[in-house]
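Labels for the chains are A, B, C and D, by order of writing; each one numbers its residues from 1.
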Amino acid sequence: MSDFPIVDLLSKPEHTLKTIYVACRTCYSALYPIKIWEDATDEEKMLNLVKKVLASGHHSTVEHCQFVFAVSGVSRACTHQLVRHRHMSFSQKSQRYVTEKGEFEYITPKKIENSSLNEEYKEMMKKISDFYAKMVEAGIPAEDARSVLPNAATSSLIVSLNLRELMHLAQLRLCTNAQLEIRTLVKKMCDLVIEQEPWLKDYLVPKCEIKGYCDEIRGCGRKPQKV
Amino acid sequence: MSDFPIVDLLSKPEHTLKTIYVACRTCYSALYPIKIWEDATDEEKMLNLVKKVLASGHHSTVEHCQFVFAVSGVSRACTHQLVRHRHMSFSQKSQRYVTEKGEFEYITPKKIENSSLNEEYKEMMKKISDFYAKMVEAGIPAEDARSVLPNAATSSLIVSLNLRELMHLAQLRLCTNAQLEIRTLVKKMCDLVIEQEPWLKDYLVPKCEIKGYCDEIRGCGRKPQKV
Amino acid sequence: MSDFPIVDLLSKPEHTLKTIYVACRTCYSALYPIKIWEDATDEEKMLNLVKKVLASGHHSTVEHCQFVFAVSGVSRACTHQLVRHRHMSFSQKSQRYVTEKGEFEYITPKKIENSSLNEEYKEMMKKISDFYAKMVEAGIPAEDARSVLPNAATSSLIVSLNLRELMHLAQLRLCTNAQLEIRTLVKKMCDLVIEQEPWLKDYLVPKCEIKGYCDEIRGCGRKPQKV
Amino acid sequence: MSDFPIVDLLSKPEHTLKTIYVACRTCYSALYPIKIWEDATDEEKMLNLVKKVLASGHHSTVEHCQFVFAVSGVSRACTHQLVRHRHMSFSQKSQRYVTEKGEFEYITPKKIENSSLNEEYKEMMKKISDFYAKMVEAGIPAEDARSVLPNAATSSLIVSLNLRELMHLAQLRLCTNAQLEIRTLVKKMCDLVIEQEPWLKDYLVPKCEIKGYCDEIRGCGRKPQKV
């Protein structure tokens, strides 16, 4: 359970860099984009242009690249945060239609795991699980019985988003002020993408790295506070 | 608690019908819209045009009207459903930054309330509340302690959306297949708007009323199933 | 020029049907989605489930599939319509930064081409082109000189959208009431996708085919008017 | 015509500052938002909190305030730029359904007006107008005849957007690198809002004022370039 959340990259663009490069060139060129596409072979030249365009803040060009992830072992507290990102697409396991069998899966935050209350936490989860089962047994529909299920109960989702939104997600959720679980989840998503496209490592970073300063009310010291 | 969720309409457009009418006319008129606006006084004429445009499916014209609601006494199970509507805006009470004092507020689904398990449900909520308090007392941050808080725990939000999205929300969430709590919430939102603009009662209805048939896998019988 | 607009499919999902199937199953299954993904091999079974889910109107599951197109030879009248689709992503040739050399490319609507005014149309385009060139020559910036360029002047774009939006686009823009040029453009986009995924031919259709009736004020007779 | 574009504010929130304040407080308070709303009377206290929240980058709280504008005398070149803002709502005069009578209205960019080509520009517009009329006379539908109409031809729109998007629009379109016409349009929109809510003048500014530096490839010198 220490590997939670479980994240897999199901799908990525066939040609990430080339797609972005052709999008950038299309804006400033008299050539047909299909011609630019066919002639685009020089990786270094492509990377140079894309970096220049991204530095100038014209991020719509990276919307053409979509990534699809399978996510499991993530708490419903975390998914409630995640689905607030309105440019993303989600297909999430339903607690209305899927009845938990046996003890439900749940996460244990590090600070509870490392505390003297860890055992009592497990017992509480067991009690909740038993009462959930009892209600289901008594004919209470899953959609109502789930009222007792805790924020810690895990969920599964298919998540997709384009590269612009992934950059935005990273900027917000890799920030030290984001909760550890979503920070871990987004870090795993970014790492899987960077594994495919190493040049993206400079763009999948917390917002302070892009802005050069921290605008949070309480900063972590990584970058100086904005005056 | 039987009045849950608590819904108030905080803000509405200054001139709902007139705004939509002017938007409709602007598309098909050589006149400046400010001229149309100044001359728009005949309610019946306005209503006739707007109804005709809406019937033909051109719903972008109603996006210019926004409604703002204050919502309380709504479960986090329900808000997790609500925030999936990506054209709406939300400001929600944070379980990370607001520590529950005393017993947390929670909803009790009708089917549990009316069952023999109602007392045990209350006891379980009390146990969870006690353990939450114990964790907070022991120095576990609220953002981690909330792991035990159940789906039934209530939340508060400011919710805003335009009329197009409210129509869409009604179509999906007034459907008998929507869960009772969100159905009740959306019904209250619609009723508050209809109180202001009675002519909207024909548009704030479940999808089957618009389509003339039910496309759900299991229908409720209100309209015939789509063949 | 009779082949306008020019449309190429640059990128498609690696596994369209499988991605949608896994998204559908994730909502209703206790299994981890990565497990569903790994076990998904039976095309017919996948197709059956996906069709059932789509019939019931749960279209968020097809948002996980994105398609990227290169489009050229399309008028700015048409692109002004196209970019109104707010769930799509665009990178469009700029008339501010790209100065037209020689005569600009333009479209000729069928009804003009087949009329006695076709020659005069061509002459007018030539006059406009000459005056544009004269202004540029005189030092007027391209962004101002383009004021005389007509709606018929062509543009190029990279266009990307997910399958849900493509279905929506088809429903609106394959309608006989849509202007011929955008209808042709969207038809070509749909045909390229259907070539890859033949089962999608039932979903990339005008709205009347989905609804069973026509809700336009003036219908074309393909389906009966809504009463 | 020197007053182009013509911009009027048709609708604004009933209580802009109070709405934002209650949204901010709702996130961090145990109180019901309706209670916060009823007790919110101290303007200075409200402003202080809102400024603090905005400084920390939490901008979703200002989405609850929508503004509606009537815009006329704006070129179709400009509206093609404007409708790229996908969080805004538009109802625009249709060149398909509205046939131009007499000479169409058009804008003249300052650099053309002040050049020796101004008269020739007017003559070209007259020629285009005559040919448009001739085509319409000959039975060519307006939707095809408009092919000759220039980018300079004006349009009218109803435009609505929330305060978050207005801030974003200002950041991009008040930048010296934006084209003069859209800069003028957005400046007028912002001025009308600032007239109602003077405290917003610090937020309706070009992006360099927020970031403290310029990230454009070619800056205007207002702020230092990002290193």
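The rule is short, and it goes like this: a contact is a pair of C-beta atoms (placed from the backbone, for glycine too) under 8 Å apart; a residue touches a chain by one contact, two chains touch by 3 or more.
Just so you know, these numbers come straight off a predicted model, no measurement behind them.
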{"item": "Comparison of B-C and C-D (more C-beta pairs in contact)", "value": "C-D"}
{"item": "Farthest-lying chain, centroid of Cα atoms versus that of chain A", "value": "D"}
{"item": "Cα-centroid distance, chain C relative to chain D, in whole angstrom", "value": "26"}
{"item": "Distance from the mean Cα position of chain C to that of chain B, given in whole angstrom", "value": "33"}
{"item": "Residues of chain C engaged with two or more neighbouring chains", "value": "90"}
{"item": "Complex interface listing, chain D residues touching chain C", "value": "75-77, 79-80, 83-84, 86-87, 90, 95-96, 106-112, 115-117, 120-121, 124-125, 127-128, 131, 134-135, 138-141, 143-152, 179"}
{"item": "Residues of chain A touching chain C in the complex", "value": "6, 8, 10-15, 19, 22-24, 26-34, 37, 60-61, 63-64, 66, 68, 70-73, 89-94, 97-98, 100-101, 156-158, 160, 162"}
{"item": "Sites on chain C touched by chain B in the complex", "value": "52, 55-57, 207, 211-213, 215-217, 226"}
